[in-house]
Amino acid sequence: MTEALLQRFRDTRAQSLAFCAPLAIEDYGLQAEPFTSPPKWHLAHTTWFFETFLLQEYLEGYTTPEPRYTVLFNSYYNGIGEQHPRPQRGLLSRPTVDEVRHYRAHVDAGIEQLLADTGHAHRTDILTRVHLGIEHECQHQELFFTDLKWSLGVNPMLPTYAEPTTNESPVPMPQSWHIFNGGLVETGFDGDGFCFDNELPRHQTFVEPFALAGRLVTNAEFAIFIDDGGYQRPELWLADGWDAVQTQGWTAPHYWRERDGQALEYTLHGLQPRADANPVCHVSGYEADAYARWANARLPTEHEWELAAATAVSPAGGVDTGCYHPQPAEGEGLQQLYGDCWQWTQSAYGPYPGFRPSAGAIGEYNGKFMSSQWVLRGGSCVSKAEHLRPTYRNFFYPPDRWQFSGIRLAKDGQQ
Amino acid sequence: MTEALLQRFRDTRAQSLAFCAPLAIEDYGLQAEPFTSPPKWHLAHTTWFFETFLLQEYLEGYTTPEPRYTVLFNSYYNGIGEQHPRPQRGLLSRPTVDEVRHYRAHVDAGIEQLLADTGHAHRTDILTRVHLGIEHECQHQELFFTDLKWSLGVNPMLPTYAEPTTNESPVPMPQSWHIFNGGLVETGFDGDGFCFDNELPRHQTFVEPFALAGRLVTNAEFAIFIDDGGYQRPELWLADGWDAVQTQGWTAPHYWRERDGQALEYTLHGLQPRADANPVCHVSGYEADAYARWANARLPTEHEWELAAATAVSPAGGVDTGCYHPQPAEGEGLQQLYGDCWQWTQSAYGPYPGFRPSAGAIGEYNGKFMSSQWVLRGGSCVSKAEHLRPTYRNFFYPPDRWQFSGIRLAKDGQQ
Amino acid sequence: MTEALLQRFRDTRAQSLAFCAPLAIEDYGLQAEPFTSPPKWHLAHTTWFFETFLLQEYLEGYTTPEPRYTVLFNSYYNGIGEQHPRPQRGLLSRPTVDEVRHYRAHVDAGIEQLLADTGHAHRTDILTRVHLGIEHECQHQELFFTDLKWSLGVNPMLPTYAEPTTNESPVPMPQSWHIFNGGLVETGFDGDGFCFDNELPRHQTFVEPFALAGRLVTNAEFAIFIDDGGYQRPELWLADGWDAVQTQGWTAPHYWRERDGQALEYTLHGLQPRADANPVCHVSGYEADAYARWANARLPTEHEWELAAATAVSPAGGVDTGCYHPQPAEGEGLQQLYGDCWQWTQSAYGPYPGFRPSAGAIGEYNGKFMSSQWVLRGGSCVSKAEHLRPTYRNFFYPPDRWQFSGIRLAKDGQQ
Amino acid sequence: MTEALLQRFRDTRAQSLAFCAPLAIEDYGLQAEPFTSPPKWHLAHTTWFFETFLLQEYLEGYTTPEPRYTVLFNSYYNGIGEQHPRPQRGLLSRPTVDEVRHYRAHVDAGIEQLLADTGHAHRTDILTRVHLGIEHECQHQELFFTDLKWSLGVNPMLPTYAEPTTNESPVPMPQSWHIFNGGLVETGFDGDGFCFDNELPRHQTFVEPFALAGRLVTNAEFAIFIDDGGYQRPELWLADGWDAVQTQGWTAPHYWRERDGQALEYTLHGLQPRADANPVCHVSGYEADAYARWANARLPTEHEWELAAATAVSPAGGVDTGCYHPQPAEGEGLQQLYGDCWQWTQSAYGPYPGFRPSAGAIGEYNGKFMSSQWVLRGGSCVSKAEHLRPTYRNFFYPPDRWQFSGIRLAKDGQQ
């Protein structure tokens, strides 16, 4: 098992660099908004995580190549100390990309050494934390894509990350509805594998009967919402959502473009025709909620989603396919649970009954964000499938649009 | 029953004016922050509510004294139309106080006329809406006090709304803990009386065993939290809360003052010594949450609070006592549920399963605010007791501090 | 002479109150923007000025009715001490209007007593400062009107300060040009009467030949500028002016309104038809400059204006006429120098060679504002004629539009 | 003469690239504030200038390598068209540095071709504009240094642009004063060489007798100002300057640092001890003005400075010395006029009498900035000496601190 962990560590670390291969050196520092960290920063911060929570604590005699990285690449761990201001991550032209690569190699060697020490007094903690570090890096690989897309997208040159894939644009499948009985059920993680602390403890909850849509809302469906005045009708919106429409000037999903009458969409494969059958993507929670109200439906709760997903296929697809854009639904049953868009739920992100955050600074990972955010479930085209599971709780603020976030509808069961 | 309703209408309308009696004309226009509406605006808006939802719809031949009031005194009802910008309510020196009083009298006469028409085709709707208008005005009476306190409180002269009451400042009672078994229970309104739409439908929910504190956290207890570095320790705070501490510069509850080494508190009775036994008040949800974490406890969920309150005494006290400040706990059992401070819960404000907002613009009353706010339960020293009940859901944003909001602790049951 | 001064003191003090007569009590506290002080504040601050610089310094045994007024009604005199924040002047519902009137009477009595003491050791300083206090109050009387107009103007009810005057709207006079030879000349105050320190010393300056327009630019002329795309053509604007156009969204002078195809203007006499022959008013320095460039002319320098004015009629008209709006030009020669609109010059407000500010806190009156402002010359329909003279230097920031500010054109002499 | 111009063209273009030699690719995109353009942008914009004003107008058959550069690298020329938003220049990771170098080579070849066409119908205009383009590029070379210093200076790693030079830190020379009689004099450019339009026309002005300091204010002198409470005493400051002190939190010149009791200064040669004899640098106009007031002196007018400079040595020193930091004064007479710090004057930047901007978009070069800025005279350690002259008018806003700006004192002549 250690061998498998080590292999996954090596693969994950290598993949972070491989994802950067198409970049110019000039791209590594891009930060268009405070919430979009530069590629170089992701490479360094994931390394800092292994250094801080493993090498600094457990590897005797370890020395860092640069003590100032402790502050520069700390994201938000107050328990570790001061942090370089988030909006200024893009101003760190130094360390250079090469220096960050050396930092990665230095820390990787340390982890290899630590994992080789099978008799270490804290062996169990070490394995657990290496696992956490790998999952942490998977999350940042996904953020790498979402952040990069946003930052490239503000450049009028609209740079391309990857070659366009053939986009056959099939006819959209009709929507289907799947009924679930609910009742007094259990949700939350329960098993041998890895999970984050916020998926615990598994606990009882009461769920009314409900119906869940078989696939995500498509671009074509969302375009009808727009044509029907969706962005001009306050009665469709939560009050905070309507405020956001006014102050942000939203009139369409973030990457939609019109040019010479053509419906386009900026993607990591460049500016592309907007395919009718593709799921609508990069919508905020407010837009998802307004669409659902317009469609005489609602967003699912996170418990509903999890109940349904527990009956369905395992995570697959995602970033390993080499296509960095959601694809149309195909087939029967519940589709598009994991490999296309994260799915907004109506559930506010909060602690499960009996939740206990991990001890120490690691405990800042999830618990302290349990306020004002909404839970998203599933996974997206830039998620790694092996990183996902039915109980996984992603969370963002309802106005956020830079993730690959889409819409799955739900209804009360008896309708 | 109509007679009782009519009487309550008259009493409520009269009381809004009576609450204004201690004001100077100059005070009626005060708006220190966008969220604090001027007294005059409250007087006019509650009148607009009766005019818009009753007289304009149901009283044949009704004419308004001033058509422009439709926009000026619309708070947030997009279904009715445009609204005067909220931050500019304090800039409306006209209409004058006298003109607003005439507007009130004009509308009151209309309502009397409408209620006298016992054969009206929409008699049931009319009675329901008059009831809603009364409850609406009760809410604004409470806002009148919280808004006025804030706006007077920015004046270095620290004006007094009412004479000081004797403040004997007893020794604080020890805290007690009350155990509840939870289980699969029902919450939400169920009965003959009035409730808001957001208290419906009554529904099942599963609650783990829990313990609830017998009284609110006191000033003395909160001072220990501060002395223990409460406002300097990020590990005690939600991330958004810690941000608020930094950006707002919070170091104590909103109205706390130190002068020449004396611990003081601004109240509607003027600047007063800060009594140890009094509940801490005017804390944000973030401060309540941080205090709970420091105290090795947590905030209750709204379901827990409601379960406990259903077993306890009925609402009493509050604004009718003539004391506009929370008072120390006395006696056994669950104390201070209603007449002192609203109590922050950890529950995000959202729809109950199967929630349906009322039809039309009235439906904007509650449902559209179900995002990013937290539920508070109970009632405060400026609430009207007859307006409250165990199922009542109040809601504010977690950084808000201008309400009479305090802290009741909870713990998991098996601790 | 003391008698004349005393009489002018009494008249000025009485007139400030008389100007307030049309107000409702609710109007006294209005402050729509930080730069528009409430009427009550003007009444109190001018009183504070006499109290601080005369009674506190020279009247033995003087006691203030309220020590906190020292801070509340200090405008910007750091030499005196702390100041209540300017944007919060409108939040001072207390002291009430009555209390401020008592404050005025209290201080007035003190000044009478001080002036009666003909043998006072500082008699000369006292007389000088009383004179300064009177001129200071004249300035605030003018600000009373400009501030009130702005603050009433944000109320959709558009309240009226005074009854409309008959507005016959004559045909505009043709523009005339008046040639001046310039040369090595003297500017600045030189005489026995009162002047502010910034008008000193009289000094030599070299002025090229120039031509000055005989009257102000009219509404009709400015409308042509707008129709010609004036607000859409960056080449007409200073860079900072063009920024202001974009960020402020300017498309016309501040109080211009269109309603049902009718050209209107908000005035202190209510919403009125916009008379072609009236001078355009409430334009910023940037708009004045852009208009001049469009008209193939330029703004005069302050020296040019002063040279020309020295040859013309004495100040007349203004606020004593009871008309609070600029009027059309009539007659021959240089018209509209004083009683209609302040006239933007191209001169940055700075010190004359050898300028020395007055000693002490009184020295903060003018000198510290000599940065980033432009000089305006003349006087307006709400200025008091006896308060004006050819050497008077008014100054505002170039984006300011709330004064009665208009446009007089100039050209190089040889054109 | 064409040959000399061509040679200067080649030298200037080559030098811009040479100045970038010490940079990492990652540094080319840095923009820490909207006013600090990235190195890559300077390289591209200066090229755009030659392309737009010469090749696009005069070189038949010229095609640009990338039409979108027209918008991307337009700084502020509204006459040319739309501009990429200034605050987002740092987000243009593409075009890459290599692509910008190709753009430069492409345009350079075009200019060579154009200059070779000696019979071109617009030969004179072409030569004039090439000259302007060279001077324009000299200005951007200087901005390259000031912008880069600011942007590197926000990195906690404090990167070094060039190796430290030996800093012997001599004893400061005593200050000397030089008397000038003034009178009716002429200022402005008058000669055969190049000048900007804002230096014209040469014109008469009257100057009172004055004294000018022989050298710039030193670090040691400025430290005494600070120790004397300079940043805490409002009476020393213009009102706008005092506001800036409060809102910006200024307590020292921009790059001053204290570490372990040592007085340091960030320079392009890294963090260095702060030499007593060096001129104080990177102070705003407000700080310069406050220091002068504290020192019982004043800032010179631009006329005074020019009169004095006309009697003194020609420009020398500056960027060609390879030292990118101001150096101590040595020798007799007026020192440090050009090669150390730009010198704030008290003169607002405005048009000379009879000023006419150049025709077309080129006319936006200087004239449209004649509002709210102050004139600085001389030149700095990062200016090119051949680019300077006594009549040169530099201009910045009085709060600006990112230029190498220092203080030369003046006094009235008769003191």
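Letters A, B, C and D mark the chains in the order given here, with residues in each chain numbered from 1 onward.
Note that in this section a contact is a pair of C-beta atoms (placed from the backbone, for glycine too) under 8 Å apart; a residue touches a chain by one contact, two chains touch by 3 or more.
No experiment lies behind these values; they were computed from the predicted model shown.
Visitor: State which chains count as neighbours of chain A and simultaneously of chain D.
Guide: Touches both chain A and chain D: nothing.
Visitor: Any idea how many Å lie between the Cα centroids of chain B and chain D?
Guide: Here the centre of chain D sits 59 Å away from the centre of chain B.
Visitor: Suppose each chain is reduced to the average of its Cα coordinates; what separation in Å results between chain B and chain C?
Guide: A distance of 47 Å separates the two centres.
Visitor: Which whole number of Å gives the spacing of the CA centres of chain C and chain D?
Guide: 38
Visitor: Pick one for the touching-chains graph, please: line, ring, star, complete, other.
Guide: ring
Visitor: If we count contacts the way the header does, which residues on chain A are in touch with chain D in the complex?
Guide: 24-30, 32, 40, 68, 71-72, 84, 88, 90-97, 151-152, 154-157, 159
Visitor: Could you list, by residue number, the parts of chain C that touch chain D in their complex?
Guide: Going by the criterion above, the answer is residues 76, 78-79, 184, 203-206, 208, 234-235, 237-242, 286, 289, 346-348, 350-351, 353-354, 364, 368-372, 398, 412.
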